[in-house]
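The next part holds the structures, each set out as structure tokens.
Each of the next two complexes has chain A plus one more chain, namely chain B in the first and chain C in the second.
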Partner chain A sequence: MTRLTGVMAAMLAAVACGGGAGTDSPAGPRDTLVFAASADATTLDPHNTTDTESDQVIMMMYETLIGFDRDMKIVPRLAERWDVAPDGVTWTFHLRDGIRFHDGTPFNADAVRRNFTRVMDPIANHKRLVLFDMIDRVEAVDDRTVRITTKYPFGAFEPTMAHVSAAIVNPTVAEKFGRDFGLGADRASGTGPYRIVSWKKDQEIVLERNDDYWAEKGKTRRIVYRPIPEAAARVLALEAGDVDVISRIPSADIARLEKEAGIVVTKTPSVGMQQFRFNVTKKPYNDVRVRQAISYAINRRAIVDNLVSSFARPSTGALTPIMRGYANLGEIPYDPDKARALLKAAGYPNGFKTRIATTPRYPMGVELAEALAADLKKVGIEAAIDVIEWGTMVTYWAGLPPEKNPQEIFIMGAGASTADADWGLRPIFRSAPTNENNYGYYSNAEFDRVIEAAMRETDAEKRQQLYRRAQEIVYLEDPGAVWLFDTLYVVASRANVEGVTPSPLGAVTFQQATVH
Partner chain B sequence: MSGAFRRLATDVPAMLALVVVALFVGAAILADVVAPHDPLAVDLASNYLPASGTHLLGTDHLGRDTFSRLLLGARVSLTIALVATLAGLLVGATLGLLAAWRRGAVDGAIMQGVDVLLSFPDMLLAIAVAAILGRGVSSTIVAVAIFSVPIFARLVRASAQSVVGADFVLASRAAGASATRILLRHVLPQCYAPLLAQGTITLGSAILFASGLSFLGLGVQPPDPEWGAMLSRGRELLRSSPLGAVAPGVAITLVVLSFSLLGDGLKDALDPRR
Partner chain C sequence: MPIFVRFVSSWFLLAMTVVARSLARLVSVLFGISILVFLIVHAIPGDPAVIAAGLEASPETVARIRRDLGLDQPLPTQFVRFVTRALTGDLGTSIRTGAPVATEIRERLPHTVILTLGGIGLATLLGMAAGIAASVARRRWVDRAVMALTLVAVSTPSYWLALMGMLVFALQLALVPSIGVGTPLHYVLPIAVLGLQSGGQVARISRAAMMETLHQEYVRAAEARGASRWRVIARHALANAMLPVVTLIGLRIGGLLAGTVLVESVFAIPGVGRMMVDAVIARDFPMVQGGVLVVATLIVVVNVLTDLVGAGLDPRVRAA
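Take a look at the complex of A and B:
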């Protein structure tokens, strides 16, 4: 017994001391910041990744010609200025002078050309190929001028060029390693403020300040990415001071962390939304009145205020306010009487039975489905819940024809990594024969026309009007989903960490971060 | 037999366990009457409430009364355990009797099959079955039943083997009794005592496995309350609202421990050598 007590006392002492990154605080800022990632990066090749954990590291190492600032406005990066010809398809980028890649190779127009050749190569078929579908050709006019011609006037060209996958990699290194580029510390090279020095798979990635960086240099010498997959363990690591910053915080812990001394929680309005979508090919969801009824039957305010208040804001449209093209259509009111009337008009005065598919992968995924089912019950709809693990869930969203898809209502997170209406609406709701991106087989002829016109519209005013119309259709008139809430991107850091930059895209970077 | 129960009555841990089991069985049967609230009633505005007079164990994410859910969960968990144990016992005992009676190749085949089942880690086997049959109460029952078959088969075979050669069995064979009659009337009753003891212990582990499956999301589906599922959902809130996970956790521990102690007590009490 005595020995056991002794062991416990030692453990408590260790916890109390916090032993690790947080405790040693001699004069001056520390030279290392440790970020607990939820997973290791899969690759550091910006052209071939779609996961945030990789993108977060990529954003530190590489840069785009133009980028997003914190409010998602487009700002110059590797290009100091750019313009578009009156034809709407010819874009000219004037590059900054004197920039070098991490290995000293100069950055120039030819490097840009070779990058787009790489990401658009149909044989290499990198994961981000589809994003650059609209580009016809890329030419190096002279050493510091690049001309990109699109196949048609493309309204979302700038946000697409600001997307992390348009980042310029060192073409010499990329061509040397081909498909293996980005898969190791020796095969990743960009122009960014940090360079990679080591990568121990599933243990840590170490970035070091690029002292030859062309703009404001990093404040902290080393940034360490340490994968801690279990969310509760990440929270504990932060509380113990073993790591300096965490993201992907369990929703239940957010409120508690906010109250904790020594920890700062930041919440950033993001491009993310939480929805439940309809499979519109399944009866009775082929009837617009049924979908409208369900939309009115959900008490979103109660859900946002009580269940997810720590990371959600009510939806006010089919996009989030930070996105280009967003239109404020207001919150959809909770109106069970209207829901019952609509159900009656649709021929279901006594409701019907249905199934809701959900996955705990989304924060509160199971509880949201339960709340939805409880609200639906009040208007006579009996919904059974299927909790499905992520791996199985994605097989329902993998380009199935409708007759092979049993799902009726299913949980879905939505957003657009370009923070633009085109990517936020077009792939998700435009008519398509299978559900590769349009998981619910949504189809509305007017929506298709409007979204197609908006895509080719470069006049900001007209574009905005078209997207407003598109959102009226899909959000109100012919609902493609129940929009539950817009998500806030939550990052928690030790109070002695400054200058962490969470992005509305749901990623966090440390270009100017310091640890005191 | 009455001597056995007298012996059991003096076994303090077993009697305490019996009281706990009786309480939970009572709760399971009377859940609808005893529960202070509707265990499925969602009231988002009063979620995460701490324990109070109205909500003895507080409320969960959706404002449902944890105590009422625990009571209804007792019914779900105990029903699964009981049905699964009985099914496992039925199949296991049949196989055991058959093996002991026919001996030779049949015995070899059955016992090797049982050994194959035993060679799988229990939980892995249960997960595999649940994965094949899909989620839900009935597949949980099948999964838990399959895992309990081997122990019953071995137990019955061992007990039966010792009596199939006994004089009274030979006598009834000579009198022309059918195999079925002999097995059911003469051999099986010799196995009752160990079966009762093992059955009680298995009930406890069945609850544990069913909870484990639900904890992993393979068992009982929401919104139905089940202890393992409640524990799984409540665990996220362990730091801020611990009752949601602690209550079902304590319930599982208590019931499993009680069944185990009771089973042990029965084993000792029914031991003919005592």
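Take a look at the complex of A and C:
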């Protein structure tokens, strides 16, 4: 169906020129904004979800103690100020006064304590439990003060606390519904600028402005989330004016929408990256020279320009520029001669045969694998492509020991949801016996040492130096992957919509959006 | 009056036999289907716990989810639990959404039923009208045009038809909304897409059946007796040509229920078909099993109804 979508998009592009007569009312701002999501939310429980479609609704309804601004800087939210003791493990948060949950329950230190008890409860087993692994205990010092003690000095504590899964839910409602919290309009309650009024599964979620909100109130009275699973239909619905904002736009449609009158396309640098990783336990990828050779054999510029120019920029490091800890190591040059020399040195003067696993779940996933194979062929490597459905793909990445994993080179999208180097590098490249997170079994002793030291470093300067070193290792010296490009988060809206907030985390929110 | 009573009672007897036979069939079919679906679902590579946990989760989380879902139990145990619960109307809990499967299906079924009934209604109306017109106008331009159009209708992929319909009627002409549900207007395009395709088949079968009966001696005899042309067509030919058409319509309802998968996705209609696609992608076993069970039940019930109507139409039964 995704393939068909591409073909359709091209055909529609030919037919749709000159179309798109929107039916927007002329008078005053409208009281409703309609966003076409690509899927329905699965839950509105911030502690128990890992999918973006849920998170972007959650971000409207709940708030964290500290948050990210548009440039991913840490800013105060429910806490007006916070500090860390010289021991590096004792964090104190001073909460704002006079904030209430949507049902009128006051927000206070005890609510915060009960929230962390909830998200860290090993029995309840919420999906975001692992993110808060470093927390030792959470105490309510007084009504307005919370003390969080970590097990060790943790360099990424602030971005973790700004992560959407650290959002404070109404503990009374959460405790009342237990596991069912977040599964319906009547079982979700936060402090955010919007509250939920109805949720018809796969049809629409309706949020309404919280008129008692403590900070700047929402501009539009109602925000409606209408899931449209088919990408081509999502684009058509926007052009027809049936929805005001869409995301997850087929790459072939982006350029066309940019030229269309009445539609505005925004592209936000994001935490998302596309790479092809090596299974370093498989011959010949256990040889660093082979991995370097492949890295030089790929013409990233050409791939980006020809396939994904509408939503991608060539990689310049192992993280994206928007992320905390990013180091600009430059684009890796296209140098097939150097690649051949490295292959020769490694004992493969005539190349070898290999397999590339990919999934159409990633935008242009199959086309990227084909481009990779074409470049590899020029240095003598014959790559066969395995196109794998997503549900099957993730089983290869779910904690298999190397001997049970047949993949050699495989596609991987990365995007640390804390926008920080720790979560962006540590789980996926630190040595591990299985590939539960380190999908390619990457293992480098120096990298492990540096990444461990960086995790416990709270001094920003020193931390940056350590992450720079970590990226030099994994990106250049002992490459764990072929980094192709950083993705831009693309949102398209009708020209009469203002104040939409796309986040580098690949989500879009509407706290200050208006529809004229 | 007595003739009427005799007809009704004989039909009633036959109907009861059909219903009894069908109920027995329903039970065995459903049991077979539940085994089949259960096995197929578990044979697909992919682990629902892994998918549900998300890529950033720890293996402990995955293991706990697997235990919570009962996926760590042996397959026969899981199957017995699925069947015993299903018998009490409990289809289990969706892995993806955490809500009861029965609730999820109940919320979505009305949309799918509206689409299917609307589609089959449109297909019957259009198809029969076109088929009859073609058969009466045999080999003249009306016939040729109908045959050509139905060929196009039958062979157009519904995905393409849906997007083209949207492009023309929602975007260019702005006559109907492009996607979603809410007003009756929202259903016009999706029903048209579903109905046109089946309508093509109904038209072709109606035409063939009409052609055949129009040749029969009793029709010629009626014509010879001086009955009007329309009376001959409506009373004599059509009544006898209906049987294959009704059978086809019954079968098409099953096909339409399946066809809603694409149409619901494209038009963003919150129906059972789309729910099942999402469920398969997420390896949401209880949802897939429950969905297939409900849809299979519907199809069997429709087939029983079709048999009943067919029996009522069959002149051999009426004459008994």
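The rule is short, and it goes like this: the second predicted complex is superposed on the first by the 492 of 516 C-alpha atoms of A that agree within 3 Å, B and C clash if a C-alpha of one lies under 4 Å from a C-alpha of the other, contacts with A are read in each partner's own complex, and residues count from 1 in each chain.
Quick note on the criterion: a contact is a pair of C-beta atoms (placed from the backbone, for glycine too) under 8 Å apart; a residue touches a chain by one contact, two chains touch by 3 or more.
Note that this is a predicted model, so its numbers are computed, not measured.
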Chain B and chain C placed together on chain A: clash or fit? fit
Which of the two partners, first being chain B and second being chain C, lies in contact with A:Val197: first, second, both, or neither?
neither
| Which superposed partner A:Ile303 touches (first chain B, second chain C, both, neither) | first
*asked:* Touch test for A:Ala374: chain B only (first), chain C only (second), both, or neither?
replied: first
| said: I'd like to know which partner A:Ala460 touches here: chain B for first, chain C for second, both or neither. | reply: neither
Practice item. For A:Ala215, decide between first (touching chain B), second (touching chain C), both and neither. Key: neither
Check your understanding: Touch check for A:Val141: first (chain B), second (chain C), both, or neither?
Key -> neither
Of the two partners chain B and chain C, more of chain A gets touched by chain C
Geometry row: CA centre of chain A as apex, chain B and chain C as ends, angle in degrees (steps of 10) is 40
Once both structures are superposed, the least CA distance from chain B to chain C in Å comes to 9
Both chain B and chain C touch chain A at residues 232, 389
Within the complex, chain B is touched by chain A residues 232, 250-253, 255-256, 299, 302-303, 305-307, 360, 364, 366-367, 369-371, 373-374, 384-387, 389
Counting only contacts in the complex, chain A reaches chain C at residues 1, 4, 8, 12, 15-16, 19-21, 23, 36, 39, 42-43, 49-51, 125, 127, 129-131, 179-180, 183-184, 200-204, 226-230, 232-233, 236-237, 239-240, 242-243, 389-392, 394-395, 397-399, 417, 423, 427, 434, 436-437
Chain B contacts chain A in the complex at 42, 44-45, 47, 61-63, 135, 217, 221-223, 233, 236-241
In the complex, chain C touches chain A at residues 44-47, 50-62, 64-65, 68, 96-99, 104, 107-108, 159-160, 162-163, 166-167, 170-172, 174, 177-181, 262, 265-268, 270-271, 274-275, 277-278, 280-283
